[in-house]
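Some structures to go through are shown next.
Two complexes come next, and they have one chain in common, subunit A, joined by subunit B in the first and subunit C in the second.
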Partner chain A sequence: MALLSMRLWVLLLIAAGCAAPARSTRFTDADFSEIASAMAQSLYASDAIQNRTPDSPLWVVSIDKVTNLTSDVITVPEQWAIMARIIGAAPLEELDRVKNIRFVIPPERALALRDRGIDDEVDLAYGSRREVNHTMTATFRSVTRANPTARTDVYLCVFELLDLDTGQLVWSGSYEIKRSAVGKVWD
Partner chain B sequence: MSDGRWQMDRVRLKAAPLVLPLVTMVVAVGCQQPMKTPAAVVHGDYGAARVELYRSMTANRNDRMYLLDRMRVAVLTMADGYAASAGYVFEEVYEILRTQGINEDKTVESVVLNEDLRFWKGEPFEQALALAFYSMQQASLGSWDNARAAADNALFYLKDFGTDDRGQRIDTAEIARRSLIYEQALDRGEDPDRALEEKGEDYLDSGYVAVQSNFTLGYLLNGVANRMLDRPEEANDNFRRVAAIDPSLKELMQSFREGQYNTVLIVAYGLGPEKIGYGPSDSLARFVPRFRSDAAQLSVQVDGLPARRYPQVLDVNVMAADHMWNNLADVRAAKAVLGDVLLGGGAIAAGAGAVGNSDAALIAGASAVAAGLFLKAGAHVDVRYCDVMPQRLYAVPLFVADQRATITLQVDGRPWTQLTLTGLNPARDGLARLRYVALVSAGPTPPPWATSGQVFYGNADTGPMPGATFPYILGGDDVQLPSDRVLDDYQASGYLTGFTLADLNELYRSERIAYTRQDQGGYAGRHVLEGGGSLVIPLAATAGFARILGQVHPPYEPQSSSVRQAADEIRNRN
Partner chain C sequence: MPRLMLFAAAVSAALAVGCSEPKQTGRIPTSATTLPEKDSAKVLPAALDEFADQAPRNLVQQLSGLPIVRDTPGQVTVILGDINNQTSIVSSTDFEFAMAKMRNKLINSRFASDKLVFVEKRARLGRLAAREDVVNKNPDAQKAVGPDAYDAQTTYTLNGDFYRVARGDTQTYYMEFQLVNFATNQIVFSDSYEVKQVAF
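Take a look at the complex of A and B:
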């Protein structure tokens, strides 16, 4: 027993010793998944969505990519992917049938995809169904503290679903992430 | 033990663990070839240069050249107007630049898996420039939020070691000398700075003041990006900062802050300075100009209207010469191995003061042995650098009325830099288009394509050429991607009348011509018009666009029998 206990202590010490300090404050893929998952959960559990029925007035929600006001570059595909993950967290057909909600992408995005020959990503009934009355947006901001040997970024990611007819905020959710890194910034 | 003996032992102790790895390092460095900047670069033939470098990029993340290779390719790809392809490369550059402490400890293993050699991350000025280039790359594609983020990262704090008695910025040799004097004062108990002694820190880590960046280009890009994002206060803060750093840019910043513009040109000329060794055994590094600095302005003429002149926003020669923009890795290495040689010998000894004990000669001798190792290795400081950075940059806010506009640029007094830009489709949404434009840097006259001001081939940006049109690979003047609309144009001209779109695609496929950069693994190769296998064109109003589409190229030479046959049929019919 004593031997086992000692081994566990050794393992713990090794693990502690091996835990390398973070070297970057950048977003990771895991962050994006976590954000999307939390926001999807918040959105679909919200009263705004839960109270809807097949007879509710049609919502056509235009989704836009993340607006990145952080100090980290988030590539455009990543900006779209975050939104796609949120939308993709619920079965779209079911949303349409049970909640009478349809998601569409902005025209410029649709045209860009069509120009690249990615027609399968474009809703073919796009034109007739594009009476957009809601918009879903996301804005990521950050506060950065840095000196020559350390940096901390606190990211605040805010998502909003807006009724374009009334200007009313139908739903909003936010997510915070703090990232610290040590080491010379430009060694 | 006398102070002198202690000091001798200290030198040994200090040098012993360092000499071997450093010699290993310098041997490795000594084996390096000096940087070879492709000659094509100064002639504006960025296509040949970028593709050659791209193909020779190391794929090995262990390799010290890993980042340098990518930085060079990314900068040249921007010069060629291929912003999307540059982005593909910049993503890796950015990821590495955002990794802190890369040369400190095991992070090196995780990033480069090499404990023996320093990973080339570039001097701070090279890193800031690379991040500014990434900002321009993102802005070129209209991604202003990312342009802002990248520019923001370029504005990191700098270490200011001060000035000399005459108010001149001190150089790295002087920093090394001061650092040694500091250490020796500590050893003798004559610590000039008690705080340093208490902390036991190195002068290089503590003898500086952390200061805000003076990187004018970074602030300018940040300001423009914020203006495009409708954040006027942050934009104006950045423009004001530029004017405070360089008062000669005050009027220009006012134009960026208040002017009506839908186009921003960042114009580059020349090649940045070369990194060379100097001091004892060439153990220290400095940057010397390859293109001289001067105050020549950029003349900009839109549609033949009277030219306006714009001042430089950045002189890379000046930036690189300032110790604040150098990482001082050379100083650390030289100080550790050469020690008192830095104080007792060589050109930098003057005024350094003497080592005040009888073992000074021994110490100097030990250091000379180390210096000898440097020499024996045929080595000097690591002189690799990003050799394709420009010498200077200008920034121009413009209002361009429509796509037919021509914009002619020229650095005053350098006629070979004349370049006429065409095809820019101005933004209509209240925003601006940003273009990075690299001028030809070698004279005496500009190449014909630079001054033609014309587009000779139908393309996706400016559309088909007037009159009958058919594909370049069949002897025509069109290099648009095949589509139903494009095929309709050909057939309306009386060509390829029996063809379907699938047939046309098959012709390109048989020549192994790629339509998109994604088809080419994310990076567009040389254009078909220049003998390559890509139909991807550069952004309009760039040097690459002018070179590829602004001159008449030799006829295409088909490789496949199907294209040869189709071309023959058209030729015989004509």
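Take a look at the complex of A and C:
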């Protein structure tokens, strides 16, 4: 009888332990990957890009890291990684040849290379002919509701392509994620 | 031996049931309402969602009849305006969430984007342009960040007003979305949404 009880407890503990609900509403890597993939698809299929031809005015596009207005931690490397994934999914050669769109590295990256204080080939000429006229930005927001034992976060991730000469938003994409967690200690 | 096999089968079943991936990630549908949301006196995220869906939809439906469409040749400029949060308990960032959703829906509406041109606020545009030294490389871009960035007559702001009436555990939220002319401050379009909720 005691052995049977013990076995039943083991089974219950396995089921309960493995089925433990999430204890954090923080973004996961899978979330970032999903967001970047969806936004890349949305951007490259958008009218703003599809309607362009090789003779359209040249777009030189830079990126800025995510602006985190959520109540959660998204580290700076994570903020850059999300944007880098969208560029990484871009058919760069095709965009240049067929749509007259070029992506450049962020200005912070160019400056970091140029201003290292090392006398090498990466000198003041590096990026000297950089003429960016568009920037891709992203802003993450959240709505949080919590009680003493549980928490829910709804995240809204809005991505935009901005014409820096006119201020016009030429494309905007958004993605929503909702997460729920239990427990009194948050990640 | 049969008992051991039975126990092993039971353990496998427990693992399969308990360790199924969807239960562990914490990810839920955005339309789901959770206990922390119901327990809170703050506006339900689902209500914010409905408001963010309804207002742009109504604006697009009525756009062709609005004076800004009839009387103004060409496109008009729209910028995200002010959030007037009079609820006392809900953070303005929650309403910024809803306004951001609305703007995104309008930008992606083909009918609306034929007439409405959305621009970034001057301060943010200035910061992003300075990051790329755009103004020094293209003097024409100075206009977009200067005091004459917009023609006030054909520029409109999207404003949001949020109010709450509280009686015990019952909260009534009234949310209003307006399109306001920059120069005259005339409200050319208004849409409102009301929700009553009880926190348990």
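Criterion: the second predicted complex is superposed on the first by the 150 of 187 C-alpha atoms of A that agree within 3 Å, B and C clash if a C-alpha of one lies under 4 Å from a C-alpha of the other, contacts with A are read in each partner's own complex, and residues count from 1 in each chain.
Heads up, the rule we're going with is that contacts are C-beta pairs under 8 Å (C-beta built on N, C-alpha and C of every residue); 3 or more make two chains touch, one makes a residue touch a chain.
From a predicted model like this one, the values you see are computed outputs, not experimental measurements.
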Q. Clash or fit: what happens to subunit B and subunit C when subunit A is overlaid?
A. fit
Q: Using the touch definition from the top, say if A:Ala146 reaches subunit B (first), subunit C (second), both or neither.
A: both
Q) Looking at the overlay, what does A:Leu69 touch: subunit B (first), subunit C (second), both, or neither? A) both
(Q) On the A-aligned overlay, A:Ala45 touches which partner chain: subunit B = first, subunit C = second, or both, or neither? (A) neither
Q: With the two complexes superposed on chain A, say which partner A:Thr28 touches: subunit B (first), subunit C (second), both, or neither.
A: second
Q.
On the A-aligned overlay, A:Val154 touches which partner chain: subunit B = first, subunit C = second, or both, or neither?
A. second
**Q.** Residue contacts on subunit A - larger count, subunit B or subunit C
**A.** C
Q) After lining up the shared chain so the two structures overlap, which partner does A:Leu58 touch, if you call subunit B first and subunit C second: first, second, both or neither? A) neither
Q: Could you look at A:Ala181 and tell me whether it touches subunit B, subunit C, both or neither (first, second, both, neither)?
A: both
(Q) Per the contact definition in the header, classify A:Leu92: touching subunit B only (first), subunit C only (second), both, or neither. (A) neither
Q.
Please give the nearest C-alpha separation between subunit B and subunit C in the three-chain superposition, to the whole Å.
A. 8
Q: Share the list of subunit A residues that count as touching for subunit B in one structure and for subunit C in the other.
A: 20, 23-25, 69, 146-147, 150-151, 181
Q: Flag every residue of subunit C that touches subunit A in the complex, lowest number first.
A: 7, 10-11, 14-15, 17-20, 23-30, 32, 34-37, 39-40, 42, 45, 48, 93-94, 96-97, 100-101, 103-104, 107-108, 110, 117-120, 122, 125, 128-129, 131-132, 134, 137-138, 140-141, 144-145, 149
Q | subunit B residues within the subunit A interface of the complex | A | 87, 91, 94-95, 97-104, 106-107, 110, 121, 124, 127, 134, 138, 141, 143, 145-146, 148-150, 152-153, 156-157, 159, 210, 229, 327, 329, 516
Q.
Show me the residue ranges of subunit A that touch subunit B in the complex, using the header's touch definition.
A. 20, 23-26, 67-76, 116, 144, 146-151, 181-187
Q) Which subunit A residues qualify as touching subunit C in the complex? A) 7, 10-12, 14-25, 28, 30-31, 47, 62, 64, 69, 107, 130-133, 135, 137, 139, 141-143, 145-147, 150-152, 154, 156, 158, 160, 162, 164-169, 171-174, 176-181
